[in-house]
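The two complexes that follow have chain A in common; it is paired with chain B in the first and with chain C in the second.
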Partner chain A sequence: MMSSRIRPIVIKEFRQISRDRRTLGVLLVIPAFMLVMFGYALNFDVRRVPLAVCDQDRSRASREFAESFLHSEYFDLKHRLSDAREIDGLMGGERVRVALVIPPDFSERLLGGREATVQVLVDGANASAAATAVGYVGAMAQDHSSKIAIRASARTGRPGVPLPIDYRPRVWYNPELKSAKFLVPGLIGFILMITAVISTALSVVREKEQGTIEQIVVSPIRPVELILGKTIPYILISLAATAIILLVSYLLFDVAVRGSYLLLFGVTLLFLAGALGLGLLISTVADSQQVAFQMALLVTMLPTFLLSGFVFPIRNMPLPVQAITHIVPARYFLVALRGIVLKGVGLSALYDQALFLLAFAALTLGVSSARLRKIL
Partner chain B sequence: MTASYAIEVKHLTKRFGRFTAVDDLSFTVRQGEIFGFLGANGAGKTTAIRMLCALLSSTSGTATVAGYDINTQPEQVKARIGYMSQRFSLYEDLTVAENLSFFGGVYGLSNARLRERARWAVQMAGLKGREQSLTRELAGGWKQRLALGCAVLHEPRIVFLDEPTGGVDPLSRREFWDLIHRLSEDGVTVFVTTHYLDEAEYCNTITLLQAGRLIASGSPQALKAEHIRSPILEVECDRVIEALDLLQREAWALETSVFGTCLHVSVPDEEEWRRQAQRLLAENGIAISRIDRIVPSLEDVFIHLIEKR
Partner chain C sequence: MKTILHIIRKELLQFRRDPKMFSISFIAPIFQLLVLGYAANLDVTDLPTVVCDLDRSAASRELLRTFSNSGYFELAWEVTRMEDVDPYLETGEASIAVVVPRGFGDRLTAGRPAGLQVIADGSDANSATIGLGYASALTARYSQRVIVQRLERLGRPDAQPARIAPEVRVWYNPELKSRNFMVPGILGLLLLVMTMMLTSLAIVKEKEVGTMEQLVVTPIRPYQLIIGKLAPFTLIGLVDIVLILLVAAFWFNVPVRGSVPLLFGLCVVFLMTTLGLGLLVSTLSRTQQQAMITSAFFVMFPMNFLSGFIFPIENMPELIQYLTYLLPPRYFFVILRGLFLKGVGLEQLWDEVVILSIMGVAILTLSALRFRKKLG
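Right, the complex of A and B next:
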């Protein structure tokens, strides 16, 4: 099936890769290592937030309310204060991130059937963690109020005052809201982009640098055969790296693929084709491995990290930056990956993504083979 | 073989923008001959070779290699030639055997033929028992012979060798030329460029290129006979450059040039010249250790040809 001239190139590439332990390590081990690093370090989960409580009421009702925070795993009571002025120092030194001030009239107002107010102070230095913490506090206050209302209605024997809105949020796809689940698909894209582009760019530039390309050029090998022979080994290795990442993320982060493996494989192949095309394109421009390496890093690492939605949500970016993200292939790949891995969606939901990846692959492979033809 | 010549070049021209790299080149190469292609760096040798290997198309004019047109049948040309450059384009991180099997595969050799040819190449390069060594561990001479082996693995009838002996020790250079002669005896046409003019003496035919044009062509003997009519004297003296300067000003010295620590002077009348030179140099306080008449080398021929222009 394989053209007789592609086979020797594929065999040769595999031999060279197997002899170059460092490259092989970069291709197979680094992805898993990065996954572990990113998976544990890049954690947006808000948990065990250090909390200070200043209970000025010192009643049963106020104690009960403060206790409700301690029963959750989200907060960690670090300090009980008698003077609200102490909060300033504690928060400034980052010893607490949330402080709860219960006013002296808390229980009095509740018993009187009136609304009671508590003050919540949040360290907003880390905006996203602060927002999450505020959400938690709000939910707990709500929960506590409804308990009080139910108890009150039971005591009076009157039918309960219906709560205006019964608020029962439910999170889909990632119910525990674990950031690892959100990050794993992004990491696959990030890692594949970097390794695929760098490895192909280097493999061609190495031949230019060492002059072996000359011997290829005078042989009857056609550019297409050279490109296929060069990319097939790296596609196989990148797919192996993807499998390793998925396995590691299943074992460590409990991320299981919900959708079809075939679709996952297909989309990954499409993305890889574009990435390899980009690597080849770089190799036609760069003359030394060093230059190729830097160029590859520049065009893959930053855009994929910053502009793909891997870590930073695209909708929060300024409009001009959002416009730029439309030409970052990883953006489309990530949407597709998250869809397949977390949501289990089928191809019908991912047409746009697949189409863009296809166009990107066609563009990079087309331009690079046209440029290679000039060299060959 | 239907073509009577291995290579036929007719009015071959290549321009890059306004620069003419190869200018109206015409020559023929007979089957099985060793054809030396000489010229200074930038004379257009590389461009001409790239056209003959069907890597570049010509701006005008044509050439046929092994009977195929370089512009219209590049694939056929590529499949029938072997090529080796001074950089010994082998994969340093592959073993001797792996390099041979790669190049064999690229030229579409069957397994049986590949085994046979690889055995031949290993024997030829003197690498028996070292098939499993990495190429980077081989010394220059062996690498060069292995590169030649890879280039002729598919038994091409024509081999292009682009400065094959650059950077190799003299002994290896001689052994390499023995291999070239053996190929030629087997009927392979060898098209070779070199910097070393002593190597050019081993060629059956040589052509000299200057600024993209052919300025001389023929066998080494014919070239010497045709271009060197006046005797050449070798002068060994002090302060060679100063002496060269003095002699060049005199009308009775036709051509003067420095050869290592000596001067070569082409003169119309040997006896007369000896007297004149001795007097002139003595007047300027330059001591002469000897003046001898020598057999002209190709180098003398080329200096003569290039100075004439």
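Right, the complex of A and C next:
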């Protein structure tokens, strides 16, 4: 009986996992920990940008304009300067990121009904945060301008000129534009990939290093059984981790699964099968745990973090790098996860993704079982 | 001294005998820098956009032309019915949809507000925020033009209301290329990963194999052992610094505006903290697997994510912001950005340099003491 030979391996693996408390803790606690990190601490929302104001006009109008920045949650006034030359040092040491210089003729020009310029200096080192901050400054100036126009028209009794275009932005799937919603599905893929590959990458190498592989060789276990026995425990642990992540992200960040749970489970299982196959493959290639670990990190951590669209949009990458992303399984898994969790799409929209994950799992499991056969 | 040299020679011999170690130490960082440099890109340009122009007037075409000419939006698809927009956003093919309602041009000429709908796929919150910022700026500029044209037609071109015009100037990184922000950060990251991992693994390996006990019974003193063990990795770290700097400056053309010797010197200071951490991890771990997991999850993860490399520190909750003061890379990233992009000198970075040096000495001393106790 095949199953009677798989069971003892599963039990033995579980025992080994439970004996190494630290590893088990890492596999279960780290996902939850990272989730909380990503949910609360890590985001691209640009808020509380440290700001310096140099008001050379010192009029009511200029104070009012500067105040409007303080009342928004986007900026945090750190320094009031009397000399614009101080900005140089503050910006260089990263004490402020944006500086406003209001020129001496600001109120005069505004009262004269002319265009008043304000100098906005932005620390461009962090390009994406800088682009967002520039957008905020533009919107606030626009806002303040229309306030002035309304007041002017009230004073003169003439009806004000309404803005010709009524611009109505709408955001789908994530109306508050919280980056947690963007990052959580990515995080599931990231964590699963790393834990699944690393834990199985060490499983066979360890036996090789400790010499217990010889015992397996002389036993009647077949490669398929060994693979099943070695992967089933990790599949269970990884599925438990996924459930924990989904639960925590629902409780803390309101990330509810809009699509079908069954589909989510199926896609996750496909992805896991591929990841575990990859881990086993590494395990059969490497000849020490150290090498296995380094290889596992190299093929999982960086590609999954960088080349899957987890944080960095794939469309920005140069074409050769975009081509590489096509062989990163997490790329497909992430599209599927975001589709199911955030957008509530069904299998018909995710056909390609599911197909690729299936092919990847078949390939890695096939090759690693062939290699195992050679070893045994 | 002679004893130390013997240990160093033995370590280097071991290093030479393992060809995989060579590629892990020198080829892997360069490879990672290349991939990261190309992939870690948060620029928002050419956002794939689907257009639904229900008006098809001269005005709507002109507005859409300002969108496509801006370089921020790539008007890749055109649909004729509003509901045809959905599938593009669902599959993630398009990130932005622009809908011009029927009667847009007529309303504009009649002087009534004309609606314009812009829909963003919020599942990528970062791109959506920046994209909507650009869309709103483009629309505002177009509105301004319409107002001016209107007033000119009425024969009173000077009657336009007073407004505030922000004049934005971006310092250090005028084209807002996120690569210029990422590549210096990657240098810090790779140094941390390479030196800390390799150090902790090499020491724990001796524990695992049992050769550490042989070393303990020899007349080698603990401090000689520590120096002998750390020296080769310092050397690897130094070579890595040079390699990475060369690739950053000559391949990615990231400007190095500050002093290169200062940059090199401060890299060495940072190296002290990473080697110290490697030593510390080795005292906390019995097996290589534990060492890897400890360094990957408990040291590298928080340091990558909480040091301001990708995610801005000012977005984090206050409690975590305080925590980030304990992380050496936090200071190192400020130094790196200052010396690469801003061209600042020692006086602007004084705080960071002092703190980093204190941390380096403290970590190294502490872990050396712990290491000695473990041996004795």
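Simple rule for what comes next: the second predicted complex is superposed on the first by the 316 of 376 C-alpha atoms of A that agree within 3 Å, B and C clash if a C-alpha of one lies under 4 Å from a C-alpha of the other, contacts with A are read in each partner's own complex, and residues count from 1 in each chain.
Going forward, contacts are C-beta pairs under 8 Å (C-beta built on N, C-alpha and C of every residue); 3 or more make two chains touch, one makes a residue touch a chain.
Given the structure is predicted, the values throughout are model-derived calculations rather than measurements.
By the document's definition of touching, of the two partners only chain C reaches A:A116; chain B does not.
By the touch criterion stated above, A:R371 is placed in contact with neither chain B nor chain C. Among chain B and chain C, the chain that touches a larger number of residues in chain A is C. Once the two complexes are overlaid on the shared chain, A:G89 sits against chain C while remaining clear of chain B. Of the two partner chains placed around the shared chain by superposition, neither chain B nor chain C is touched by A:K78.
In the overlay built on the shared chain, the residue A:V321 is in contact with chain C alone; chain B does not reach it. By the touch criterion defined above, A:Q142 lies against chain C but remains apart from chain B after alignment on the C-alpha atoms of chain A.
The residues of chain A shared by its contacts with chain B and with chain C are 20. Every residue of chain A that touches chain C in the complex is listed here, in rising order: 20, 22-23, 26, 30, 34, 37-38, 40-50, 65, 76, 89, 91-94, 109-132, 134-139, 141-142, 144-145, 148-149, 152-153, 160-175, 177-179, 181-182, 198, 202, 206, 289-291, 293-294, 297-298, 302, 306-307, 311-313, 315-318, 321, 335, 338-339, 342-343, 345, 349.
Put simply, chain A touches chain B in their complex at residues 4-5, 7-9, 11-12, 15-16, 19-20, 210-221, 376.
Residues 53, 55, 75, 78-79, 81, 83-85, 87-94, 98, 101-108, 150-151, 160 of chain B touch chain A in their complex.
Chain C contributes residues 20, 24, 28, 32, 35-36, 38-46, 48, 87, 89-92, 108, 111, 113-130, 132-137, 139-140, 142-143, 146-147, 150, 160-174, 176-178, 180-181, 197, 201, 205, 288-290, 292-294, 296-297, 301-302, 305-306, 310-312, 314-317, 320, 334, 337-338, 341-342, 344, 348-349, 351 to its touches with chain A in the complex.
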